[in-house]
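Questions regarding the structure given below will be posed in turn.
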Amino acid sequence: MTNMGNNILYVMGIVAGLWLARNVHEIFLGLPDEAAQGAIYRILFFHLPSWFTCFTAFLLAGVSSILYLTKKNLVYDTFAVSAVEVGTVFTVVGLTTGSIWARIIWGIWWTWDPRLTWALITCIIYAGYLMLRRAIDDPTARAKNSAVLCIFAFASVVITYKAIDWWRTQHPGAVLSFRTGGGRMDPAMESILYQNFFALLLLTSVLVVLRMRQEAMSREIEGLRRHAHAL
Amino acid sequence: MSAVAADGVWKYYGDFPALRAIRLSVEQGECLALLGRNGSGKTTLIRILAGLLGAQQGSVSIFGKDPRHSSAREAMGMLGHGIGVYDELSAYENLLLFANLYGVKNPGECAREWLQRTGLDHVASSLVREFSRGMRQRLAVARAFLHRPSLFLLDEPFTALDDRAIALLQGLLLEARERGATIIMSTHQLREAMELATKVALLNRGKLVFEGPRPAEMLQDPTWLYRQYGEG
Amino acid sequence: MRFARQTWTVAGKDLRSELRTKESLNASISFAVVILVLFSFAVDPTADQMREMSGGLLWLVFSFAGALILNRSFARELGNDCLDALVASPVSPAALFLGKAFANYVLLLLVELVTLPIFGVLYNTQWARQPAMLAAVMLPATWGMTVIGTIFSALTVNLRMRELMLPVIIYPMMIPVLMAAMRLSTILINGEAIPADDWIWFKLIIGFDIIFTSLSLALVEVVLVG
C-alpha cells in the first residue's frame, strides 16, 4: 500500500485512540453514578458498543462472503477473515465486560441466561470459522469453504438471537432510544455511548485494514513458496 | 462449433497461477494428447474442462455449453486418478447406478452389456472390494464409457493399468474415435498415446507452449516434443 | 421429475451401501448406548429429575450418535475418488445433496428409533405417551440436524482433520433446533400437553429447516465444484 494510505491509517488510529481516551475521561469523571447500580453501570459504555461492533463486523463479513462467492475476488475473503477476527475479539470483550457487570449486580460471573448463551455460541461459531481456515492449505479453496461457512454462521447467529427473545430473559432489556422511543436513558449518557461506539468502530476499521494487509501478504508469501516449489 | 474450447483460462491457487491464459480448441473427432511434467497443470486443466473446478478468468465451453450445464456433462466421460466406483456395491450395481445417473435408456441392459464387454460378467454380483486391481480398472473403464460419451476426458488413463486393461481401453477409444467422439487425455505413456493422438499440446508451468497436429517425428521418437521445448 | 429420480438414485445408493456394511449404523447405535450408560454415572437421576431432563438427554444422545453418521456421509465418497465421478455426472448438485441428506435422514431416524426404547428401559421412562406428537417433533428436528450435518460434511470432506472439524462446526449451528426439540420432547415425554407459549418452538424448528435447507441447496454447487 502507498505512503498516503499508511498516513491515513496512522491518523485514523491516533484519532480513535484519542477519542477513546477522551470518552474514558468523560465516562469516569464527567458522568455521575447511576442511581440504582452505582459506579459499575459505566461498563455499559464498553459492553454495548462492543456488541454493536461485533455484530457489524459479522454482518459485513457475511456480506463480504457472499460477494466472494459471486465475484471470486480474494479481496472479499481477506476482508471477511479480518472482520471475523476483529469481531471475535470484540465478542470476547463483550463477554468479559458483561461477566464483570454480572458479578457485581447479579453476584455471579456467569448464568445460562439466553442472551449470554447466545453470545457464547456466537463466539464458538466464529472460532470454528477461524479453525476451519487453518485446516485448508489452498487459499482459493479456503476462501470458498470459509465463505460458505460464514454465511451459515451469520444465519445461525441471527436465528439463535431470535430464539432467545422467546425465552424469559433476565438480561436487561433495550435502553437506547431508537429501540424504546426514549426515556430509559439520560441523553448525555446516550450520547457518550454512541461516541464510544463510533470510536470503537474507527478502531475496528484500523484493525481490519491492518489485518487485511497481513492476510494479503501471507497469501503472497504462500504464492511465492509455490513458485519456488514449481521451479 | 468446437467440441472443446478454452479461451484465456486462468486458474489460481491463492496468488499462484496454476494455469495461465490457456487457449485451446479441440474439434469434434480429434484426439488431443496433453503432455507436460508433473505439476505443469494437466490435471487442473482436465478438471476445469470436466467442470470439477472453476476457472477464475476466461471461458470454457463444451459443445458450446458451459461445462456445468447438464447437457455438457451428459456428453462427457471422465476417467480420473481414482476409479470412481464404490467398494461396497457390486459391479452390476455400480454400473446400474451410473447408467441411472446419466439417464441411459434401459440401464439394466446397458450395465450388463458393459460387464460383458469388460469381461466382468462372471463377477457381476460380487462386491468391488473383493476385486483385483485389474478388474477394478476395467470396471472404471466401463463406468466411463457406458453412456456413450461424445467427449472423453482422461487423466493419465494408462498409468497403473495392467496390459489387459490397456488393450481394452485402447480398443474402446479407437472405436469411440471412429464414431466421431472427441478425446482429451493427459499422459506420460507417450507410446500408447501417440497411436491415438491426432493433436498434441504441451503444458509447461501452467502455460500452453505448444498446440498443434501431432508432429510426425513423435511417432518414432515420443520425447521429441519435450526436447524441442527444452524439457529433456 | 428428472431431479426427483436423481435424488432417489443417490439416496438409494447411499442407503444400499450403508445397510450392506452397517458400519456407521452399528457404530452410531453403540455410541448412543454408551452415552446413555455413561450418563447414569454422571447423575443418578430420580424420577423427578428425569422428568426435567429426559428431552435434553435424548437429544444429546441423538446429536452425538448422529454425528458419526453425518461424518461418513461425504467421506464415503472419497475412497476411489467417487465424488469426482458423481460431480462430473449430470446429477445436479442440489439433487446430490438432497439424496445424501435423505439417506442420512433415514439412518438418523433409525438410530433414534432404536435408541428410544433403550432409553425408556434404562431410565425407566414411559416415552411413548404421546407418540404422534413426539414424532411430529422428531421428524422436523432430525431433518434440521441432517441438513446442517450433510452440508458441512460436504464442506469439510477434503480437509485434513475432517473428523475433528465437523463436530466443532455443526454442534453450535444445531443449537437452535436442539434447544427447541429438547424443550418440546421433555414436555411430551412427561405426558403433558404443550403449553400455548411453547408452540413457538415448533415454528422455530420449521423455520430452521426451511432456512438451512434453502441455504444448503443454494450453496451446494459452490461447495462441490472447486
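A, B and C are the chain letters, set down in written order, and residue numbers restart from 1 in every chain.
Please note the rule applied: contacts are C-beta pairs under 8 Å (C-beta built on N, C-alpha and C of every residue); 3 or more make two chains touch, one makes a residue touch a chain.
Just so it is clear, the structure is predicted and the values come from calculations on it, not from any experiment.
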| item | value |
| --- | --- |
| Chain whose Cα centroid lies nearest the overall Cα centroid | C |
| Chain pair with the higher count of C-beta pairs in contact (A-B, B-C) | B-C |
| Chain A and chain C: spacing of chain centres that average the CA atoms, whole Å | 32 |
| Averaged-CA centre spacing for the pair chain C and chain B, given as whole angstrom | 38 |
| Intercentroid distance (Cα basis), chain B paired with chain A, Å | 49 |
| Sites on chain A at which at least two other chains make contact | 140 |
| Where chain C touches two or more other chains at once, by residue number | 226 |
| For chain B, residues that touch 2 or more chains besides their own | 54 |
| Chain B - residues contacting chain C, complex | 47, 50-54, 68, 70-71, 73-74, 76, 78, 80-89, 93, 97-98, 100-103, 136, 143 |
| Touch list for chain C against partner chain B, complex | 2, 5-6, 9-10, 13, 16-18, 20-21, 79-82, 84-92, 221, 225-226 |
| Interfacial residue positions of chain C with respect to chain A in the complex | 148, 151-152, 155-156, 158-161, 165, 168-169, 172-173, 175-176, 179-180, 200-201, 204, 207-208, 211-212, 215, 219, 222-223, 226 |
| Complex contacts: residues of chain B adjacent to chain A | 12-16, 39, 54, 56, 205 |
| Residues of chain A that touch chain C when the two form their complex | 69, 121, 124-125, 128, 131-132, 135-136, 140-141, 144-145, 148-149, 151-153, 155-156, 159-160, 163, 166 |
